[in-house]
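One structure is given below, encoded as structure tokens.
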Amino acid sequence: MADYDPILSVRNLRTEFSGGRGDVRVLDDVSFDVGRGKIIGLVGESGSGKSMTALSLMGLVPKPQGRVNAGSILLDGTEISKLDAAGMRRIRGRDIAMVFQEPMTSLNPVRRVWEQVGEPLAIHKGLGRSAIRKRVLEMFEMVGIPEPQTRLDAYPHQLSGGLRQRAMIAMGLICEPKLLIADEPTTALDVTTQAQILRLMRDLRDRVGTSIILITHDLGIIAEMCDEVNVMYAGQMVEQANVFDLFENPSHPYTRGLLASIPRATEARVARRMPSIPGMVPNLAKLPPGCRFAPRCRDAMPTCQRPPDLETVGTGHVARCWLHAGQTALQSEATR
Amino acid sequence: MLMFALRRILVSIPVLIGITLILFIMLNVVPGDPIALMMKEHGSPEVIERVRAQMHLDDPLITRYLRFLWDALHGDLGTSIKLNRPVTDLILKAFPNTLMLAVCAALVSWLIGIPIGILSAVRRDTFLDRFCMGFSLLGVSMPIFWSALLLQYVFAMKLKLLPVSGFYGWRYMVLPALVLGWSSAGVISRLTRSSLLEVMRLDYIRTARAKGLGEAGVITRHALKNALIPVVTIMAIQVAGLLSGAVITEAIFSIPGVGRITVNAISSRDMPLLQGAVLFATVLVILGNLVADILYSVLDPRIRAQMKKEA
Amino acid sequence: MTDMSDIAAPEALEEASFLRDTLRTFSRNRMAMIGLIFVVTLVLAAAFAPWISPHDPYRVALDEQLLPASTTYWLGTDNFGRDVLTRILYGARISLVVGIVPSLISLAIGTVLGILSGYLGGRTDFVVMRLADMMIAFPSLLLAMVVMYTLGANLLNIFFALALVGWASVARVVRAQTLALREKEFIEAARANGTSRSRIMFGHIFPNVIPTLIVLFSLSIPEAIMWESSLSFLGVGVQPPEASWGLLVAKGKEYMFQAPAVAIAPGVAILLTVMAFNFIGDGLRDALDPSMKD
């Protein structure tokens, strides 16, 4: 652990939104690391805070209602959470890039694709048009866009969803960032295209060595792609483990619920939204006093009225659940 | 693109025919005999009867309408009763003045409206935003004839910087263009603001931010072009508003344009002239709408592609 | 049928709270409240003008022409020696009536045609929408002028001219809303129950269009006031000795140099009234139908 040197290290991140009825904490004490050349998964239902984590890292939390209020974000050893707007702009697109969920709407419809994909080069490297065009062409080849030469001058609506997402990935990687955040990059795509895009991202990681944060609600994708997994629920980390531990020994009831709801191949079309956990993600403005998952948890017990901490389950495996603090706590109470 | 334009023109033909019909019926059921009015006391009943026959005024309405339509297609809008000259000549002579006024006014409205709209959207919900929008509302709420009088009073009568009225050079155009442009600047700025705000919520704006663009870059490179597309098309539709406004502006500033012809035609009960002038204005509005549609497709590659598919 | 009452009760509750929410949102909008207070004051002042003003708006006093503002004549007198403020107060009667009546007419026509057009579709829709296209292609002021030319300049014909100008845009908005409502579940359900078409259109769709209509109404009043004042200014609207604000400006402009207030003051009245109605309209829109915003 001593020479462990992550590319990104997030500690105690807290992001809040002020609304009509007081402040809402959308991220509460979020900590995790991204190892160099690793693919890290952020998983959870919608509303769990995974996208907000990405926006907090990017400094793109919607202003003026939202702001990052506490915590530290070390990117390659440099603290970036205290940077001002201009400093953050220099990081965005150059050191951290992001691929969004909707390739259909994430590209500007009235500008040619190559201008948009190459724009980070103009912003961060000050390259001229012909140099940018050349580089975009290389990137198009790298991300496997067929007939790249003719696609350069296309408008977004002339490309299929899969090609647009490839273009988005090319845009993200064009400045060779230290970290790529992919927020549900395949959710809007059909199943075959989904597999191609995922394979592309893994290949790029292997070839270029980019570290990737992959945000998804789909544990199938996590199993296929990730090295480490962070499970989020209601703005908190509830379980963190490497991918093998997580699938072999899921320790938080929420994770178990998620795993139980992975659709089998035959059900893939009907069951994509994890129906097997009853209830809904709680309103962040009206959280239960103790464990946030307790109202939906099959294993809930009286202790769950108090907020649990992250407890160590195994090596590098933690879970925020009384079940695992349980034994020691109960034993100490019994001996008293 | 050509196909699209052609189709749009074809679609506007029934609208145009309908309008001429409505116009013709409205103007030709007017009580009072235009010929008797024209001849006043000079004409004996026999003379009036002869002239009526010459002008086919005793034919059925539909025959007269078809004849009017046929003549209009050949550029003949009849003869002014009062001025005894071809209506087409009178209108074509006046039109350049109206055109110049409209173009200058449009420029004024864009130069005031677009920057205010952008400023307002960028500084949304601040004091500046409210100030700009209040300013715009002021523009929309001022009657043209009143702001014209006000400017005449201040700049021409009191400060003597500009001529009060008439039309003998560009200095005569300043106040009318300001008055008319100001009246539609409010609409332009409100539209620019809401359009820009809408675009700023879209996903690709977030993408642009994620690339490291600053707020100014996001707006100029990504938001503005999209946001201004509806504004540009409104500009072409603006023709109708500018023409209505030109009637009043020309009347107040004594500019010999189509608008003043219309007002004069009404006060002298010169039916052919009024009919010609209104028809002319309507054709202009339809042309404006046509230009708006085509402009829209030129500016937005998505619409362009869709058109290609349809054509 | 017991379950029906169960369903009806929450609905009625919802309606009441909708109204309450609307009123609350509206009353929180400062500009809208200022506008409302202004309009209410104006309406009262116009209605009780004879009791408020000590002057006769029609009395000619040639020895008191174009007097400057004084304690007797707060805004001075016009070229016939009549009190300008009193003339404005009486002018408000005409301007307000001309703002409201044609708006109501065009709203009624536009609503009926819009719902028919949107719900029935087909040939009805085609005819109505082409008619609306034509009306919108006419420059409004010219159309109104032609009507006034044909029918003669009087108040009734102003109503007619302005209604003719206004109905088309109402019909377009209502049609669009009807098209959207037609696909809603509760309309589908009504259709499935065998409810008649006219009952669906005017019993089910119409109530849902009302919020939009209220907003359209409040925004079309200032527009009608503007058009009327323009027509009167050009001499084809209200005729003397009656006086709407537009006509007052037109008559006063001859004396701009000696007594600018005679022309300027009625214009200020138009400006303030139009702004007040616009504020009310914006407030109503925000309160009733946020989707219509901008």
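Going by the order they are written in, the chains are A, B and C; count residues from 1 in each one.
Going forward, contacts are C-beta pairs under 8 Å (C-beta built on N, C-alpha and C of every residue); 3 or more make two chains touch, one makes a residue touch a chain.
Keep in mind the model is a prediction, meaning the values are calculated, not measured.
Engineer: Please give the intersection of the contact partners of chain A with those of chain B.
Structural biologist: For chain A paired with chain B, there are no chains in contact with each.
Engineer: Looking only at C-beta pair counts, which chain-chain interface has the most contacts?
Structural biologist: By contact count, the leading interface is B-C.
Engineer: Measuring centre to centre with C-alpha atoms, which chain is farthest from chain C?
Structural biologist: Using the mean of the C-alpha atoms as each chain's centre, the farthest one from chain C is A.
Engineer: Between chain A and chain C, tell me the centre distance in angstrom, where each centre is the average of that chain's C-alpha atoms.
Structural biologist: So the centroids are 53 Å from each other.
Engineer: Determine the centre-to-centre distance between chain B and chain C, using the mean Cα coordinates as centres, and give it in whole Å.
Structural biologist: Here the centre of chain C sits 23 Å away from the centre of chain B.
Engineer: In their complex, what parts of chain B are in touch with chain A?
Structural biologist: Its residues touching chain A are 202-204, 206-214, 217, 221-222, 225-226, 229, 299-302, 305.
Engineer: Within the complex, which stretch of chain A touches chain B?
Structural biologist: Touching chain B: residues 58, 60, 85-86, 89-94, 97-98, 100, 102, 105-111, 116, 119-120, 123-124, 155, 157-158, 168, 171 of chain A.
Engineer: Give the list of chain B residues in touch with chain C in this complex.
Structural biologist: Contacts found on chain B: 14-15, 18-19, 22-23, 26-27, 29-31, 137-138, 140-146, 149-150, 152-153, 157, 190, 193-194, 197-198, 240-241, 243-245, 247-248, 251-252, 262-263, 266-267, 269, 274, 277-278, 281-282, 285-286, 289.
Engineer: Mind listing the chain C positions that touch chain B in their complex?
Structural biologist: 130-131, 133-134, 136-143, 145-150, 152, 222, 226, 229-230, 233-236, 246, 249-250, 253, 256-257, 260, 263-264, 267, 270-271, 274-275, 278-279, 293-294
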